[in-house]
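One structure follows; several queries about it will come next.
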Amino acid sequence: MFGELNLNLEEEAAMVLFGIGFTMLLLHRNLIKKILGMNIMDTAIYLFLAAKGYIAGRQVPILTDGVTDPAAYINPIPSGLVLTGIVVSVSTTALMLALTIRLYERYHSLDLDRILISMKQEEEEQL
Amino acid sequence: MGGILLAGPVFLPIFTGTLLFLLQPWITTPRRQTLVRGALLLLVLGNSIWMGALIAINGGESPPQVLFRLYGELTVMFRLDRMGSVFAGLVSFLWPLATLYAFSYMEKEERRPTFFGFYTISFGVTLGVALAGNLVTMYLFYEMLTFATFPLVMHPMTSQAARATRRYLYYSIGGAAFAFLGLIYVLTYSATGTTAFVPGGMLNPAAGGKELTLLLYVLAFFGFGVKAALFPFHGWLPKATVAPTPVTALLHAVAGLKSGAFAVLRLTYFSFGAALLRGTWAQWVVMGAALVTIVYASTMAVREVHWKRRLAYSTISNLSYILFGASLMTPAGLAAALAHLIVHAIMKICAFFCAGAVQTQTGKTYVTELDGLGRRMPVTFGCFTVAALSLMGIPPFAGFLSKWSLCTAALSAASDAGGAALPVVGVAVILYSALMTGIYMLSVSVRVFFPWRAAALPDRRDPDWRMLLPLLLFAGLLLALGLCGQPLLAALADIGKEAG
Amino acid sequence: MFLLLPVFFPLAAGAAMLLAGRRMGKSRALLNGFFLAAQALETVFTILAAALGGDVTLLSLTGNLTMGLRVDGVGRFFGVLTAVMWFLTAVYAVSYLKEDGHAAGFYGFYLMVPGALIGLDLAADALTFYVFFELMTLTSLPLVLHERTKEAVRAGLKYLFYSVGGAFLALFGIFYLAQAAGSLTFLPGGYFTAASAASAPLLLPAALCMIVGFGAKAGMFPLHGWLPVAHPAAPAPASAVLSGVITKAGVLAILRSIYDLIGPAALRGTWVQSAWLILSLLTVFLGSMLAYREPVFKKRLAYSTVSQVSYVLFGLGLMDPLGFTGALAHVAFHSVIKTGLFLFAGAVIRSTGRTRAEEFQGLGRIMPVSLGAYTAASLALIGIPPASGFISKWYLAQGALASGTGVFRYLGPAVLLISALLTAGYLLPPVIAGFFPGKEPEGPALISGEKPPAMMALPILLLGAAAVLLGCFPGPLLGWIGRLAEAGIVG
Amino acid sequence: MSFVQNFPFFSIILAMFSGIVSSVLKGKKARVLSICAIAATMVLSAAVLAYCAATGESYVYWMGHFPAPWGNEIRAGVLEGLTALLFSAIMLLSVIGGVKYTQTDVEPSKQNLFYILIDLMLSSLLALVYTNDLFTAYVFVEINTIAGCGLIMITQTGRSLTAAIRYMVMSSLGSGLFLIGLSLLYDVTGQLLMSPAQEAVGEIVESGQYEIPLLVIVAVVSVGLAIKSGLFPFHYWIPDTYGYATPTASAILSGLVSKGYIFLLIKFYYRVLSPESVVRSHIGNVLFLFGVAGMMLGSLRAIMQTDTRKMIAYSSVAQIGYIYMGIGLGTPEGMIAAVFHIFSHGATKALLFLSARGLYRVSGDRTDFLALRGSGYRNRLAGVGFLVGSLSMVGFPMLSGFISKLLFATSAMASPGKMLTTLIALAVSTVLNAVYFLRLLTGLYRPARSGAYDAGAGPDGAAGERVNAPGFRVAVLCLIAFNLILGLFSQPIVRAITEGLAMFS
Amino acid sequence: MSKRKSPQELGRYLKFKRWLAGDLDLLEDVTEDAVPVAAPEIADRLPARDSALESRCRASEEVYGPEVWPQSHAPGYAQAWRDRVALQKGAGDAQAVLQAQEKSLGFFRAVYKIMAVLLCGAIILVFLWTTAFLPPFGNPDNPANNEVPARYIRHGVEETGATNFVTGMILDYRAFDTFGESCVLFIASCCVQVLLRVDACDGKSAARTRIQQENDRLFEPKNDGILQQTARLLVPLIMIFGVYIILNGHLSPGGGFSGGAVLGSGLILYLNTFGFAKTERFFNERVYRRMTLCALTFYCLAKSYSFFTGANHLESGIPLGTPGAILSSGLILPLNICVGLVVMGTMYSFYTLFRKGGM
């Protein structure tokens, strides 16, 4: 199966990071760790995308001294996508951090299970 | 123009029922109540006469009238064929009498306009089931019947009534869901493309695997069988007796259950086709279920002490007579099933009305409390005894006729099918159940007319004329049918021949 | 059309009596007068109808099945027997119910039952027969319930459910025959021969169902449970009629279904016949044994009815002219004797209030005439030669020996003999205690009570005398029955 | 290029623009602007639908000066027009219906933020419907997620905050998977726009290269979007999310948001992957399996709930299971049934959430069975609304539920392998639906514990006093009418869907 | 049925009734018959819902651990609930239930860890397996390097006027994505405002107390000399550098997003050193809102114009200018400026909201 593994090390690194980030986000109970996990996951995807755009031995896609031959530059599209992706990660992270602040302010805990339990107790007393 | 004529009897009661809801705040003074009551009775009577006229004019055969197209080739279509006119005739004959009876029965109850609203709507919906020209329309009205009748079961608004209603709803909707599968199968593989009823079945034999057809037929049979209180799914009926008697009598004994049985007949003879199903394992499964129900229900009836629940169990066993007739898959079987459908409707409604009359007059609902009532309420219990004897199948009364046609049909089916054992077992089961009927019905009559000397006689009188008239009418009809039932049996026989 | 009168007149009279019972109840004389007149009229109509014969169809049920009445030999015999016995018991009943408040009810239903019975006897086909069979059960039920005590009601219900159950069992046979034989009208010699029976697979089970089903009414073994309970619970005239006449309806039912529907040829030598014979013999022996051990006098007579009626069934089972004659003769004799015995029992209970057999010490002093008649009837029942019982038992034995039924040729007569001894064992002790009370000081005290009124003693005397006279001059009766036998058993 | 062809672009931009503008407006003005924007979108989509139906084929609209593989583009056809029309209609009714409840639930000063979220939710839904470019789809999926999270937490109660965090966690999982699928697809085909991607995928499939990556792409994208739309194994966030938000938010979230992702998944299957590669990857069977499991267990969980809000939420899980079962059938009829059920469920669920809130209001804001007993009399309109909604869920004839059940069943007949399981699943789940919906329904029309049933008298108002706001009345009546239209006159809609799907790929 | 039942008996009875009833909703009514029969003092306070107990006691399959405590409805439910639990277990008190829950939770956590490792390993394995089949890294003739990037590079300059092909792609070829992008930022800031913004004006006491807690102006360091000196030097540099990046977005690497981030950080530095009072002189809530509105509106209108003209094949009359000059490449420059302003504003608002709940 790994016979024709043609050594795209960057993609493999990105995938390993993606796996770690994914599991952190899904299974960790601490909210901050979840957000960290999400960021790792996103950066892993952007690493993968950037790696895809790279062509060995070519320049940055900025027009240097009038050369408009495509063979001179690397593929600009992935970097464009990464730029957009980064902004998306920023906004999601900001939103989740804000949520975490509000939850901590209210339930004094970062552990999602504790939060759930105390939420139910709070509702219990309320009635 | 024909369409309006046929759809009229179905939608007039539905319209009147909804009108009654809207008028509810307006009906306050007793004068207005009597006015509304009279108007309602007139409307129901008019509707029945209209239906009767339709049957008479068209002689039981009328061209199909498409009302509107539901989806694709599924159309809501009414068509009066002979079998439909039999059921429609029966329902429209019984409903005015039941409404009259209900007027006096519901004297003391509150929320009467809503009750009578739903009561009249159910009349229209039952006629819808009878007049349906194709399986889809029948399924639509069959499902709407559940939703028109469940408020009636819930009418007493006690927690027990609520529980009964819930159980009734779950069973009916469950049944309808499985019947829906049959409808879909017929829709996909019908020879004519639409689900219009064709005597002798409309499935083209080549389509769909044989085993699959049989499996879906059995599923649909049990689906419609839920409303006909087949054994595994009969649980809701005894509990539904918590409803007022006009509901239990008319809807559960006559319109509701009968529409289930009628739907099964339509499914067997007019959609899947008896020829396709004769001699297959599906027939034996279906017949076996009907027989089990007969035995189970009649034995349970003997054990039951609550009078109306006892009659409910009796209804369950008698309904399975009809299903047994249907499962014979022969023209004679269909004729016998229809005969029992008609005769049982009259018998059972008479018995339930007696029970209702006793409950209003004396408030007694348990069989053990009825000692000596017969001497004080002779007319009511006279009619009850007539109904009891007829249920047992004692010859001078109509019950014997339907038992006779059922058993002879079963025995001839047995001999045609090369000595198959099940129909003969069926006859034995019917006779066993007749004995059980004798026990649980006549024990009431004997207890009532020949009480123990020591038992004090309650001083209750017979109910007023509005209750007695239907009772006497039914008892007389039973005797008349018993003595000269020949034309009816002949008519049903050729319906059977044509559809068998 | 004259044929309808004996059937529908009593029904109408009984109904009138029931409806008008309240108002007429005031003057007991008017009530009794109307009752006896109606009963007499009924007997006259029946005898006239029997004499005139004729045929009438009431209504047609389906294409080929019609319901109607027709007078034939067997019908005539049973009709006359029923009418006569019914009138005698009516006379007895009037005095027996003198001080009973609910007499009107009893009289009403008492009048209706003969209508059903005559209808039963004259039925032309199985359907009419079945209609009147059910009607007879329903109308005779109130007679059993008359006492309105707890045991009476329970006995009545048991009676109702046993007979209705039996009727439904037999109905299976009727359904089968309607489908297999095509028609249900009674045809002497039946519809099936040995050959054609093979083509109808379920014929034999159907026959057995009819035998056992109708046997319930005749008190045959499997469904005899109700008889010992119902008869004692009913008032004396009712139990007399029940034992004497109504059990005979069961016998007629079996006779019609075997001899006029299925046909003896189809059943001769089959397992159905041997089952039938075994059941009847078993009942004969069982009945007498139970009667022998039964202390209560009316219950003892009830058990005796169970065994005696099975004599008749055994005779019919032989399907042999001699056996047939013996059976029919025994029908007549037993009816006469058993009615007499029950009337006597009623008289004893009415005058002395004692119900147990061993309490009849010194009964002879009080009512010598009735006890004498009782003794005559008992001797007839046991089968002592001059009395009538002997003749029928003689013919039965002859029939058994002549019939080709293998082991039953000897087993039958042996059982009959043993049962005769047992009959003596349970009928004679009251006679001995009554006439020769004996002097033992520690024995039970002598019985005390007033003489039974004349109206009650007369029927008992008549029946006792008839029991003996019929035995002495059996000629005309046996001749008549012989002709019936020829007509009945063609095959 | 007739002017009508610009309308899809106009509707997206209009919605976005009204969102941006209402950031400076006050609550009331923001609401009016938002309602006008949604109504305008409805009109524009109706025009698009009419135009496409007339021309009979879909058209491509360049977003910029450059054609397909270079610049973005959106594609409008009959199905897109119809979906846009129905989505905006349901959203309009939910917003109008829930106006009073939004005022009570959301802080006064943050009302305008709520309407910003609504506008941007609308624009992202429209973009999802119209877009023909995968990356644009990802961007608008993100807008949708964040707006959805905003809608959930706007009430800022303990429950809604935890629901929001759990929703964000699961959604970002889904988006992560979707993005990784996207990048893999870009890497393998070099295309981001759907139509060129389809040719590229076609070539790859013939040449037999990258067989494993294609399989993983299909799996990852399907799982990602399944997580986001709340298919069975990933449905833990649904009960709290739909249950505890404002009625408008729950109606929009359950009715439209999850459906938007399903619509994108259908577009992905139709436009990017060729039909046989979908069949070969057996993703259809997996979705079918999860769909059926979702139907059953969703309804079972709903039965066990004591709180009606969570019960209605769990019923959404079951209904989403229906849709995925339709997709999983693999036959064109199955897809038509799934799309029809998207619309019918959207309408019914909006009706249910709105009338349920109306019922809570007259039962002292308590949501258990005991409190709701007899509330059918106290708030008559909400009672009737809930009645129609639950009857449609149960598949009562003449209502939309019946038609979708009918379509599912007929489509099941077409795929022999899955026929029996689908039919049995349909029947059993109808029964389960009946159990929990009608149990509540009978409870609604029973007198309160005190035995006397108080007709019409609300707890806080005299019998006559108006219990419901005018907006609520209009919305519930329109939704009931919409349900009836879907039920009785479903023929034109189904024909439009069939046409749309034909020209979709 | 009317015989008095002891708690154990009632427990067994309930189990038997449940088996018999077999119909879940019957459970609801079981309590109505059984309860009055049980000990009277408990009966009247018991809620009708018996099924709540069953569904809660079972460890639900929530990924985040079982819900320990049932949801309550009727007033005084808590106490009645504890009695019910006692009644149900027949022995001990409510704590017994809690210990059972803790133990199962412990067990659950152990399984949790193993499952986590397994899931992570599975995902990594799958993706590694796929990367094995992907086109090789850095290879020029990968499918991704087809004619699409070729055109961007070959005609990028004359079509968009931007020498930086990436910016050209982002703000002209695929402008719709970027427009979506700025909307994501806008919506994110709205959501954070929903959560964290504290509005003094609504006068609710709760809001006022929160302001006191959040408002850390009181703790601001007073005129920290060193910080102010360095800030006075650094802030202008940062600002100029930010503006440079934005303006040269289409010529050299950078552009609206990165430039905006730099400007945002400069602003935040200024806020930290000179405190809110000084910053509010030139940059407060109203300014921020208006700035974002103008930027986004301009962006929206500009792009709509270009989309509309593009789609309808009209000639958009915006000159591209000479490549390499600052004022070249048509709309890209102003768009970069708008994006920069939006990013700056959003960054700044995130910071202030996180710190003080408002500017």
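Every chain is named by a letter (A, B, C, D and E) in the order it is written, and numbering of its residues begins at 1.
Keep in mind that, in the parts below, contacts are C-beta pairs under 8 Å (C-beta built on N, C-alpha and C of every residue); 3 or more make two chains touch, one makes a residue touch a chain.
Predicted, not measured: the structure shown is a model, and the values here were computed from it.
Apart from chain B, which is left out here, the chains connect through touching into these groups: A, D, E | C. Of the two interfaces, B-D and A-E, the higher number of touching C-beta pairs belongs to A-E.
Centrality annotation: B (chain centre taken as mean Cα position, compared with the mean over all protein Cα atoms).
In this assembly, A is the chain whose CA centroid lies farthest from the centroid of chain C. Centroid to centroid, with C-alpha atoms defining each point, chain B and chain E lie 61 Å apart. Work out the mean CA point of chain A and of chain E, and you get 13 Å between them. Taking each chain's centre as the mean of its C-alpha atoms, chain A lies 104 Å from chain C. Chain geometry summary: the mean Cα position of chain D and that of chain E are 21 Å apart. Residue positions 166, 170 of chain B each touch two or more of the other chains. Within chain D, residues 135, 139, 142, 146, 149, 153, 156, 166, 180, 186-187, 435, 439 each touch two or more of the remaining chains. Multi-chain contact residues, meaning those touching two or more other chains, occur in chain E at positions 25, 64, 71, 73, 127, 129-130, 133-134, 142, 144-145, 148, 152, 174, 177, 181, 184, 187-188, 191, 195. Touching chain E in their complex are the following residues of chain A: 1-2, 4-12, 15-16, 18-20, 22-23, 26-27, 29, 51-56, 58, 60-63, 68-73, 75-80, 83-84, 86-88, 90-92, 94-95, 97-99, 101-102, 112-113, 116-117, 120-121, 123-125, 127. Residues of chain B that touch chain D in their complex: 68-72, 74, 139-140, 143-144, 147, 150-151, 154, 157, 162, 165-166, 169-170, 173-174, 176-178, 180-181, 184-185, 187-188, 212, 216, 219. Chain contact summary for the complex, chain D toward chain A: residues 135, 139, 142, 145-146, 149, 153, 156, 158-159, 161-162, 164-166, 168-169, 172-173, 176-177, 179-180, 183, 186-187, 192. Residues 389, 392-396, 401, 404-405, 407-408, 411-412, 415, 419, 424, 427-428, 431-432, 434-435, 438-439, 442-443, 446-447, 450-453, 483-486, 489 of chain B are the ones touching chain C in the complex.
Residues 1, 5-6, 9, 13, 16-17, 19-21, 23-24, 61-66, 69-72, 107-110, 113-114, 116-117, 120, 123, 127, 133, 135-136, 139-140, 142-143, 146-147, 149-150, 153-154, 156, 166, 180, 184, 186-191, 200, 210-213, 216, 236, 303-307, 366, 368-371, 435, 439 of chain D are the ones touching chain E in the complex.
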